[in-house]
Structure formats: structure tokens, C-alpha cells
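The letters A, B, C and D name the chains in turn, as written, and every chain counts its residues from 1.
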Amino acid sequence: MQAVTSFLYDRGFDILEHQQHDDRMGELFFLRTEFAAVDGTDVDELTAAFGPIADRFDMSFTFHDERKPRLLVMVSKFGHCLNDLIFRWRGGTLGAEIAVVASNHEDLRPMAEAAGLEFIHIPITPETKPQAEQRMLDLVEQYDIDLVVLARYMQILSDDLCRQLEGRAINIHHSFLPGFKGAKPYHQAHARGVKLVGATAHYVTADLDEGPIIEQEVNRVDHTYTPQALAHVGQDAECLALSRAVRWHCEHRVLMHGSSTVVFR
Amino acid sequence: MQAVTSFLYDRGFDILEHQQHDDRMGELFFLRTEFAAVDGTDVDELTAAFGPIADRFDMSFTFHDERKPRLLVMVSKFGHCLNDLIFRWRGGTLGAEIAVVASNHEDLRPMAEAAGLEFIHIPITPETKPQAEQRMLDLVEQYDIDLVVLARYMQILSDDLCRQLEGRAINIHHSFLPGFKGAKPYHQAHARGVKLVGATAHYVTADLDEGPIIEQEVNRVDHTYTPQALAHVGQDAECLALSRAVRWHCEHRVLMHGSSTVVFR
Amino acid sequence: MQAVTSFLYDRGFDILEHQQHDDRMGELFFLRTEFAAVDGTDVDELTAAFGPIADRFDMSFTFHDERKPRLLVMVSKFGHCLNDLIFRWRGGTLGAEIAVVASNHEDLRPMAEAAGLEFIHIPITPETKPQAEQRMLDLVEQYDIDLVVLARYMQILSDDLCRQLEGRAINIHHSFLPGFKGAKPYHQAHARGVKLVGATAHYVTADLDEGPIIEQEVNRVDHTYTPQALAHVGQDAECLALSRAVRWHCEHRVLMHGSSTVVFR
Amino acid sequence: MQAVTSFLYDRGFDILEHQQHDDRMGELFFLRTEFAAVDGTDVDELTAAFGPIADRFDMSFTFHDERKPRLLVMVSKFGHCLNDLIFRWRGGTLGAEIAVVASNHEDLRPMAEAAGLEFIHIPITPETKPQAEQRMLDLVEQYDIDLVVLARYMQILSDDLCRQLEGRAINIHHSFLPGFKGAKPYHQAHARGVKLVGATAHYVTADLDEGPIIEQEVNRVDHTYTPQALAHVGQDAECLALSRAVRWHCEHRVLMHGSSTVVFR
């Protein structure tokens, strides 16, 4: 820690926010420092200068400038998360730029275009899945994307794509206590009489729906809720959990660590 | 519904509370009516008199008087739920009488006895499990028990015992979004970076930890929580969910329906 | 209760949902019955037919048909609630029709018009307040409005208007534990170190911000939140509380009772 | 920050946990560092050695050793918070030692004594209030008390006592959205139809019920709750909020700052 702060002070930088976490089990140490650099400072130059210090302490590190990360938002037919992301983006509270929206369906084109966003249709069939996934990667390249947001994108990504996007893609899915596997989870939840339904925002990994958790949200329900009503409550939780996860990621507050995360809110 | 209310009005009873729920999918209809009977009314006599009406409408029904249900509380080494139940019982807000406490360990004897409760030690080994379970059933008989509360009793009940206690035993266990199966769940939850830990109170069925849910509670955590700290937060949720489930059951507010419940709070 | 159900059964109607609540202190009795009428049934005819029964039991009552209530949504500059209401309306989960949007500012015209909604600008100054309020009442008449939704409309309604809209207007405002009166509440909340910020949806009455509460929502915060960040969290709570209150009102689930409400969810 | 870490590193201490917070409005900087000192380290000696560094940076600071703070728990007739504190203390999760319990009533003597705690009765009348408060201060002295916990102590402390205990006394009280002033708050809350009831744990200051907030908790209710039932739900929230506030204070995680707090959980 001292090495980091000395490095910044010596350059005349002002530390604005600093958080650290000591993983008492794994003997790891996590650190996030937000600082105001002097004019003309360059990320590449800082990275090069800090390299030897990082080597000495066996640190992994990244410098980020204040540019807002650019998002590719992937959707299918459900619009609640896209609508929420668009609203926060336009109000300036998302912490990111939505660069482009893509979907395997045409349904949400009007919502995206009404917000002035480009909407790209990438139809997908079992046969065309490899090409469709390559298309996504091309978009990441073409639009200079920092983060792929799966905002209720109902296709399972191939393990290969998951690996290529590791740490750069966030997914949202419904969650219950206890969890329900398989199809029609809200019907299963209804059948068990669940009293809480929620949502989990996590990084995409090759292991389906099991990536490192960034944020969770939950709402109370009761026996009067039909499976459909449970799903609507779940969607409210999805909007909140996803938008927080995206913002925290884009403010570089989330450090991925194996299957877990450190979130410096 | 009209048949029920006519039956009560004709006897000069006063309806205090009435709730009903229409299961739109299953074509079932649930009803709870709390009423003030005239003096000298008898549950057996009412049950006999209502029988023909119930037959006509293909109803299942039970009459309960205002006697507080009697509990057998089963514990092992964790005392947080027992402590909470005792406190509410003594304060008159549990809605039940604790008749006796039993455990496969001696650890919580002082807590039970300090509250003036009888504590029965039922040691259990793989070999003596059948006898130990028979002992539990004997206690149910002997102490005129209405409800068995598994307040962090760390033994898995045999399928046979579960069936004998069906609808008369409530269990509490930790819950997460998503669920974690197997040993050391708090370590698993920690390893995934969960942000919410909770608890589920449910009826005991032969299907382990998968009975009809009565109540759930959840609390927020973050990466600074060790597995041990997660467990403490989970215990707070367990106390709340279990005591509510016991109270609602004892006020006859919970109707079990297949794998689900209707809870008329 | 029996009088109500007999009335419906005698007409061959099917009861779909029925809830009642007995106010043990006030000796009042609240009842909501949702039923499927036979074809050709008319609200006016039912109202006339039920009149004598209501008189006999000293009941207040209203029949509603399944027509979705029509909303006038009043806004100022904050768009989060309008955006949320529009999304749910378009997705069919609001339980209401947005008939028209009106505002004392032009800022949200694009949001309303992008959704195909008429937007009416009603500028207001201390001098023109009576005319502006009359304009609102004219809109209620002209658009056949059932409910006025103050979706962060930042003008205080006159006592006279409040009275005219009593039971037909819902307001949303931020809420804290404990409450903060006066200007800049988020700054006050920040200055006290609040850990929870929330929102209250309530009926408008002549008594400012003190009407009968329909729904509340709350979210956890900590010392790292600036007043601005607290306000954003509060806005998330406002969206959820307001949309639920509107839906429940429009499904005729909310009964106003003096300064309180009964909400049959 | 660098000055702090250098000071510790130079002595060969190991930093275990470090949190800081930058109050962007007030230009203040808060810091908590938990470290493992080398054997034979002394708080007084460290305090003396750090003095000049603190002076240079205009810092306020305190060193704490790992001794568990000692509590005087003040109660009246409600036992839920005392019961909860005792349970956590005995289980080792409170982070503090309960040294003694005092009360203006005799009701909770059995609960305290059953836990092996000394219970001191300090009757109080308007006339004897000064002497009773002096008695409390004497207990603080006599039992070497670090923190006074007002665990539903129903007497208002004099301004003078509040000032003497500033930063060393934590109070708990019920909280609502919005707040209700005056007597019978649960009746007021019931009369308004509140949907959330909660509790606030805060430092005692001369300004009644308005001290810096340490923790808050909230639970959902509905129209079926009587004022009495609302109070029971509020008590559950009180237990949770108070025990967390006590633990965080005793782990030196709470920094009081004017009317606010920084809580490094």
C-alpha cells in the first residue's frame, strides 16, 4: 500500500478515494485508489513507470482514466433491463456509455432507436451460433467496447466466447432462496411457496449462471402471486441489481478474484 | 364460503377475521375464519355438525380452539433459535407453549433450564438412530405435542419420521441466492461472493430441506464478511424466519398445500 | 359478508378473489370481492340492486367493471417515475391506461411523445396557480381521468384542489427514518448519517405529504453516499413504490379509511 | 495516509485491515487501520510517538488495544434488547464485555442474574433524577465502563449527562418512514397505514433522539398489524440494529463526525 501511495504522491497526484481489503484466508490484498492526476498524465506512461514497483510486490494492477466505459447491450425480448439502462444512461447516472444494442430478435428495436441508439439484429440458430458469436466479438472490436451487458439475453454463450469475454461481460438472472434449476423457475418457485424472489448480477464465466457475484437484490412476495406476478417482481430486482453492477464495474470498483469479487462501493 | 359463514352465523358466532385465497391454477379454494363462539361450544360437536356441509362441497376442514399449541423444541449445539423462541414464549408473543426441549447434545441444557424448561438428552449414533427417533415420537405423545420445532437440530430425520410428523414439524435452514448444496455452505457462499444471506422456515417432508416454505428472511452482506461472519448474519435471519413461521402455524394461519403453503398473515 | 356473497351467487356470478379485514379497534369491516359477472351485467344496474342491502348493513360500496382506469400523469423535471410508469404501461403490467401527461416544464416532453403520449405544458407561477389548477381539473374532465398520478410533480397543490381530488390522486415522495422536514432532505439525511433511504406513495389530502400511505420502499446506503447518490437511491425506491401503489389502486385493491389504508394485495 | 502506514511499517507491525473515507464536501479524511503490533507494544507509548506526526497533519487519532470494551447496559421494562445482547455476549459475537446491567425498574433482574450478571436498581423520580444520573456516572467509573448502552431505557437523559457521555453512549429507538413525533408512535403509525417499521441506533447527544446514526433496520408490515403487532416487529428491528451498532463501535469501526458517522464495517 505504501508503495502505491508513495508513487502517486511523488507525482503530485491527489488521492480522492482509497479502499483496500485483506483476504484473511488467501493472503491476498486488494486495493483501489482513485486519484486526480496532474495535467498531461498518460495511462501508458504510468503503467510503464509502475511496472517495476508492481513486480517487486508481486502485484497485478491496472490504471484507468476517467473516460466512461463503452457498453454493448445484448437483449432478446424482455425490455425491462434495457429500458432501465437507457434511462440511467440518458440521466448520466449509469457511469457508462451505451455504444450499441444487439439482439437475436427485432422486438426491442423501437425502444433502442427511440433513444437514438443503433440496434443490430443478430439472428441465431443452432447452426449459425458460431457465426453469431463471432459477430458479437466483431462488434466488441468495431465499437471499441469495454463491457458486454447481457440484459436478459436469452442465449447461452459458448464456453469459448465466455472465456474470451471473461471479466468483460456481466449477466443478470433471477435468483431464489433456495435456488431452482432448470426450466420455468418461477413456476417451480410458486410450487414451493417461496416468499422472496430476487436477482443476481455476475460476471460471465464458462460455468453457466455461476460466475462471480457482483450484486444481488431481493423482494418479498406471498401466496397471492401467480408465477407471472413473481416474474414481474423478479424483473424489478433484475433492473436494480444489473444497473448497480454495471455502474460499479464501470467505476472500476469491482475486482474479480477467482470465483468471487471484491466490490468497493 | 357462504356455507361456512351461514354455519357460523346460524350459531350466533361472531366472525373476527376471514381470509380466503383462490388458487387460480389448481381450482382450489383456501379459507381461514377466526370466530368467537358462544359459551359452551365444543370443537368435537362443531366438527360433527359441519361434516355434512364439508362433504357437500368436497372440503377439508379443521376447527381449532384458542388453546395455545404445545411445542417440542429440538436443538443440537447452536442456541440462537432456542434463545429467541424462549424469549418470545416468555413474553407471550410466540403464540405457543414450549412444553419441552430435547437435544442430541448437552450444550443447551443450561439455557433451557434457566428458563424453567425441562431438557431431555437424546444421544444419537448411526446405530441408535431408530431408537432415538422413537424416543422423539414418545415425547410427542407423552407431552401432548402439537408441533415439533427443529431449531437448528443437526440430525437428518428418517423418511419414516418425516412422514409421521408431516404438517406437524417445522425446520429452519440457511438459504442463499443462488442455493448451495452440500457441506460448508457459508464457505461456498463466501467463495462466490454472495451479497445476500438468508434463511428458510419450512415444513418437514421426506424430501430433505425441500418442504413447503412458510417464511424466508434475508440480510445484506459484502466481501468483508468472513464465512464465520456470514454465518452470524444467517443466524439472525434464522431466528426471525423461524419464530414467525412458528407463530403463524400456531395461530392456524398456514395451510399446507402439496409442496406449497398459503399463509394468511 | 354473507349478504354480499348471497347477492353475487343469486345472480350466478363466480367469485374469483375475496378479501376482508376487520378493524378491531374501529369496529369497521372492509371487504373486496372480485367476481366474474354473467354477460350483459351493468354496473349501474348492480349498484341500484345492491343499494337496499347496503342500507340495511350501513355499508359503503362501489362496483367496478374491468375497464382499466385512465391516468393523468403530472411531472416536473425528474423523469425516473414517468419512465418507469411508461415502461410498465407499455408492457401491460401497470393495470392502467396512461391517457395524458402534463407538466409545468417542457423537459419531459420528448420522453412522453416518444411513447406516443400527448404532453401538455401547464406553466405555473404564484400568480397563475389558480388557473393552472383549474386547467388540471379540466384535463381530468376532458380525458375522462380516473386517477391523477403526481410522479414527482414539484408543485404543492392547493388545499382546495386536494379536496376535489381526494381519493383520486396519488403522490410519491422520499422518506427517511427518521423523517426530515424542510428543504434539501437528502442533505439533511447525509448530515445525520442515515443508513436507509426510501419512498412513500400516498393519497393526496389537504395535509401536505401526510396522506394515507399506500406503499413504501426502502434501500440501504452508507457513509460513502453523497447527497446526490442518496437521491439516486431514493429515486429507485420512488419508482417501485409509486408503480405498485398505482397498480393496486387501479385494481381496486386499496380502500382509504380516514388517514389510513387497507391494501388487499 | 502514508504517514500512518510508514509509522506502522517502521515498527514492524502488520496491517490487517485498512479503510479510509474522503468526505468530499468537508475536506476531511477518515482512516481506520487494524494492525498486529509486535509483542510488548504499549498504547501509551504509541500515542506519544505518533503525536508529532498527528500534529504535522492536523489529525485526531486514538490507538486501541484488543481488549474488549466494557458495557453498562441500561434497561427499563422491555427485555428484548437485553436478551439479545446477553445471547450474543455469551456466544462471543458481541465484541464487548457486559460488565453490569442497571435499571430504573426491577423487572429484568431475573434475566440479568440468570446470565450471571450483576443487576443494579436505580429508581428514578423527577426529584431524584440528578442523583440517579450521578449514580450512572459512578457506575461508569466504578466498573471501568467504555460504553453505555441504552437498551430501551425509557428515561430521557439530561443534557448535562448526554454531554458527559458524548461518543460513549448508544441509544436505540423505533423509526418510521415518515417519522412520528410524540407519544404512542405505533398508534400514530397505524393510523397512517405505514408499510415499514424500523429502528435507529445512534449516539446519544444533548439533542433528543437526534444523535449521529450508526445503524438502521426496517421490516415490512401491512394493514393487518395492530399497533401492538407493529411494536413487536419494531422490537425485532431494534435488536438487530442495536447489536450491530454496539459491535461496530466496540471494534472501533465507527467514527463520529459532527452529527454524522463513518462506519467502516
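We adopt the following convention: a residue touches a chain if its C-beta (ideal position, glycine included) is under 8 Å from a C-beta of that chain, and two chains touch if they have at least 3 such contacts.
Note that this is a predicted model, so its numbers are computed, not measured.
Trainee: Counting C-beta pairs in contact, which comes out ahead: A-B or A-C?
Mentor: The comparison resolves to A-B.
Trainee: Please tell me the distance, in whole Å, between the geometric centres of chain A and chain B computed from their C-alpha atoms.
Mentor: 40
Trainee: CA centre of chain A versus CA centre of chain C: separation in Å?
Mentor: From the centre of chain A to the centre of chain C is 34 Å.
Trainee: Using the touch definition from the top, which residues of chain C touch two or more other chains?
Mentor: 24, 222, 224, 265
Trainee: Chains as vertices, touching pairs as edges: which of line, ring, star, complete or other describes this one?
Mentor: Topology of the interface graph: complete, with all chain pairs in contact.
Trainee: In the complex, go through chain D and note every residue touching chain C.
Mentor: Residues in contact with chain C: 21, 24-25, 175-179, 190-196, 198, 200, 209-210, 212-218, 222-224, 226, 257-263, 265.
Trainee: Help me check something: in the complex, which residues belonging to chain D touch chain B?
Mentor: 79-80, 83-84, 87, 91, 93, 114, 222, 224, 232, 236, 240, 265
Trainee: Please output the residues of chain A touching chain D within their complex, sorted ascending.
Mentor: Touch list, chain A to chain D: 1-2, 5-6, 9, 15-20, 22, 24, 220.
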